[in-house]
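Got some structures for you, see below.
The two complexes that follow have chain A in common; it is paired with chain B in the first and with chain C in the second.
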Partner chain A sequence: MNTLNAKIDPRDGKLVMAHFYVAFIALAVGGLAGLLQTLVRSGKFVLPAGIGYYQILTVHGVVLGLVLTTFFIMGFQIAATSRTSGTLSNLQRKLGWIGFWLMTAGTLMAATMILLNKASVLYTFYAPLQAHFIYYLGLTLVVVGSWVDGAAVLGKYISWRKQNPGQPSPLITFMAVVNTMLWIVATIGVAATVLFQLLPWSLGIVDRVDVLVSRTLFWYFGHPLVYFWLLPAYMAWYVVIPKVIGAKIFSDSLARLSFILFLLFSIPVGFHHQLMEPGIDPAWKFLQVILTFLVVIPSLMTAFSLFATFESYGRSKGATGLFGWFKKLPWGDARFTVPFIGMLSFIPAGAGGLVNASHQLNQVIHNTIWVTGHFHLTLATAVVLTFFGISYWLVPHVTGRVLTKAMNKLAIYQGVLWAIGMTFMSGAMHAAGLLGAPRRSSFSEYGGAAQATEWIPYQIAQAVGGTILFVAIILMLYIFVNLAFFAPKGEEEFPIGEVSDKAEKSPMVFENWKLWLGITALLILFAYTIPFIDMIQNAPIGSKGYKLW
Partner chain B sequence: MHMHKFEKIWLIFGIGTLLVFLTVLGVSAFYLGNQPPSCLATINPEKVDTTAPFNEPGLKKVEGKDWDYELVYVAQAFAYSPGEIEVPLGAKVKVIATTKDVIHGFQVAGTNINMMLEPGYISEYVTTFDKAGEYLILCNEYCGSGHHMMTSKIKVVE
Partner chain C sequence: MAKMELNRKTKTEIEDSSSLKGTLASVFLLGFFLIVTWVSVYFLFLDRF
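Entry: the complex of A and B
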């Protein structure tokens, strides 16, 4: 790997930091919105100045679900590529900046419309609720910008392959490429509904919109979206964490295989978000349930690989007994401990996900606050804590500073505080959801119904958890600002693990994109073509737009 | 490609478990008929009030069908019609619902009745009310500023 940069070129570093500034501003804004939501739902607090609950709910979803994640991931993937495949060319870096500014402009457009209360349609913007066209246009720019940004990573990968014929690409670059491809294939769905349905409709060019087609295109995008969030965390778990603890990567080829499986199986599964919908044949729903379950396999592989790394490291340090290795792990190192908390949360999160995708069980929890509890374990704990863990070394690495002992300690407190807050909040959400409490709803006594009274103690527990989480967010922002501007100058390592000597060289078939993208396309066509034709052939009259907020 | 022996065991166990799960779901869906609500029937959302059975929302006794009653609901921002209904204990009921405007949810808290109501489509679910008491119907899909005020009530009486 002759192109391996021990240190990222400062010009690439600047591009990475630009992404991170936006991501952490989003964390501040979205975190505050989240705190306010839990307070409102406790029933003890009313929003001032006529601000609507659903307005801040839209802020929370857009800013954390779309902005924080996309900006952080694009920044991280550029950093990982530049570190392992060499400095970006001027053209590639320029693409990165164009992508960044497109995404930023789009974010500001969407944010303006939300603040003016012209787009309180949540981040899923289900028609026929109709937002201002600038909201849809802004979100389009975020997606288009991410494509241009992704082109920088793809371009670097292509030039690396040309310079190193017959060689498998660096593992983390390969993973960034898979995630970029996944993102491009997935966002075609949301781009299609926005460009061909929602924009013309909100501009008044067409009168009516086909609601089911729009939802189906949204969920074609909506599920791979969550894997787009998850895979960068897996990159850190597979490649970075082994180096942080001083161990080797368990198997390069199995890591690649699991990423390829994610590319194949995370897209043709959107119907498991639409199981309760009247317009889709149940047999096709079931087919996508099967495909959804197949995505569990690469996650099982990941879990095995991680714990194999941990155990073999512990044993190499002289650990004995079945669980002796557990004590040998570097618990005092925030770069390990904070993502580790995230990994642990993925165990109940994954189990809950199986419930959600289970054809009939979905009926018990669909659109209850259980679902909100679920993705606050996956996205808002497993993924986000790993992103924080990445920031602890990546931010000082590119700003030429170091993570001090004091900051490291604070970072561990931050992770532990997050775990406590989330246990309260997500736990209470899961429990209340099983009793029937809905998601995405302001405080309500539901006409004094006895059932709704039972939910209120859980809502108070959510507010307690939300408050603890907000304190953890403030700590994180403090650490970020310290690492970006104030920490002492020095060299912070960008940890990239090496593959265990015992592992074999990866077969080149993993780099055969015609094969993998071909299978991806076939699976998508298989899962969607017939039901999609059915939807269009049997479509009812379309819907006019409504502004009901 | 080499795979560690323990990893093989782990994956065989994991994939085997998935197959068991999927078999249970499949048998339940296709043999026992426990499918999620997927009625596939359409309606003009602007003519709901004049289209049967939605021109007469409420409970209706039916003969010669697999169920004893049909319970018809019309949803619109931010209410359900009827607002309150009594159902005899033990009745097998087909719930039939649709929306006149945007997407709404139709969830009877504490039961398995949970469907999306989408403009242009009819949602149906057959169920038996075998526990007496008051059940809250609520909208669980965001529909606008009054979303959390959108409720109805089912009283299951002896």
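Entry: the complex of A and C
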């Protein structure tokens, strides 16, 4: 790894920070919306000035699920590539800036339409709910911008391979490349539905839209979307955390293999979000459920590898017994502890995921607030706390400052508060969901139905959790501003783990993109071609647009 | 007295510093938790449908 940059070039650092500013503004706006949602749902609070519940829910979902994530990930992947494969070329950096501005312009367009109450269609923008066309156009620009941004990472990777023939690329660059490929293949689906269906329909060029086709294209994108969020967190877990705690990466090959498996198995599985959808043959749903369950393999490989890293480290520090290593971990270091809370939350999150993906069990929880509880553990805890953990060193690294002892302590409080708040909120969401409480529903007593009365205590618990979470968000924003503008000048390390010297060299087959993208394409064609033909041949007359808010 | 000390010494030496038995146990516990969660919702399903 001869081109390793101990410190990222300031020009690349500026590009990274631009992405992070937007991400953290999104956190502020979305966090406030989240708090308001829980308050409204508790029945103790009414939104002022005629603002609608679905309007703030759209703000929350778009700004946190789509904007915060995409901007943070693009920034982090550029930073990781620049750190391990060398400074971006001027052209690559220019691509990064063009991508950033396209995404920002798109975000502003979509946000304007939501604020004007012309696009309260929730972040999944399911037809036949119909938004203003500028909303769809804005989201298209976000996606196109992310492709241009991704081109910077791919370009750097290609030039690294040219300069280092026959060498495996640096692990974290490789991972950023897998995630970029995953994103490009996945977003083709959402681009297709927006360009060919939703835009012509919202512009009034066509009158009706095929709802099933648009939802299928959405979920072709929607499931890999969650892996696009998760893989950057895995990058930190596999590569950064070992260095933070002073251990070695357990296995380079295992990490690469698990990323390749995520690329293969996270796309041809969108039907597991459509198990309750009529119009899709159950045999094809079954096939995609099997492919979904194959993702258990790389997930458990990741769990094994992390436990092994922690145990080896603890034992090298003299830990004994079955779990003695646990106590040796550096609990006082926020760069470790905050992502670790994220890892822990992934255990109940994964268990819930297995329930969601099983056809019969999906009937128990489908469209209940259980689902919201689930992705606030995966995305809004495992992923987001890892992103916060990354910010604690990456922001000062690029701004030439340091994470002080006081900020480190505050960061740990932030993580612990998040864990407490989320235990209340997500726990109550899971429980109420099992009792049948719907997601995406403003406060309602459902005409005084006895069943709805059962849900109300859980909704109060969600508001308690939401309030604690909001305090944690304020702490996070305070720490971010401190690290970006006020912390003392100094050098903060960008931790990149080294592979244990006992490990063997990784085989080059992992870099064979023709092979992996070829298998990905085959699996997608296998899982989608026949059901798609079926949907189009047997399509009902499409639906007109509805604006129900 | 001497015997006890000897015992203690061998005991710490058996503990292999490259052992991953805690990892094995953790992964088993994790698998167990996944199965228990799944089965409990499965029974809820049987109960309701």
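Heads up, the rule we're going with is that the second predicted complex is superposed on the first by the 549 of 549 C-alpha atoms of A that agree within 3 Å, B and C clash if a C-alpha of one lies under 4 Å from a C-alpha of the other, contacts with A are read in each partner's own complex, and residues count from 1 in each chain.
Just so we're on the same page, a residue touches a chain if its C-beta (ideal position, glycine included) is under 8 Å from a C-beta of that chain, and two chains touch if they have at least 3 such contacts.
This is a predicted model, so every value here is computed, not measured.
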If we overlay the two complexes on their shared chain A, which of chain B and chain C does A:278 touch? Say first, second, both or neither.
first
Once chain A of both complexes is superposed, is A:320 in touch with chain B (first), chain C (second), both, or neither?
second
Across chain A, the partner (chain B or chain C) reaching more residues is B
Just chain B (first), just chain C (second), both, or neither: which does A:304 touch?
both
Between chain B and chain C, whom does A:312 touch in the aligned arrangement: first, second, both, or neither?
second
One more residue to check, A:367. First (chain B), second (chain C), both or neither?
first
Report for A:442: first if it touches chain B alone, second if chain C alone, otherwise both or neither.
first
Is A:526 contacted by the first partner chain B, the second partner chain C, both or neither?
neither
Who does A:354 touch here: chain B (first), chain C (second), both, or neither?
both
After superposition on the shared chain, which partner residues are touched by A:45: those of chain B (first), chain C (second), both, or neither?
neither
On chain A, the footprints of chain B and chain C overlap at residues 300, 304, 308, 354, 358, 360, 363-364
For a test of understanding, state which residues of chain A touch chain C in their complex under the given definition.
300, 303-304, 307-308, 311-312, 314-316, 320-326, 347-348, 350-352, 354-355, 358, 360-361, 363-365, 434
Listed in rising order, the residues of chain A that touch chain B in the complex are 52, 54, 57, 120, 122, 126, 128-129, 211-212, 215, 251, 253-254, 257, 274-282, 285-286, 289-290, 293-294, 296-297, 300-301, 304-305, 308, 354, 358-360, 362-364, 366-368, 435-444, 446-447, 449-452, 503-504, 507, 538-543, 546, 548-549
Quick one: which bits of chain B touch chain A in the complex? Just the residue numbers, please.
1-4, 6-7, 10-11, 14-15, 18, 21-22, 25-26, 28-30, 34-46, 77-78, 101-103, 105, 107, 109-110, 112, 114-124, 134-136, 138-149, 151, 153
Residues of chain C defined as touching chain A within the complex:
12, 15, 17-23, 25-27, 30-31, 33-34, 37-38, 41-42, 44-45, 48-49
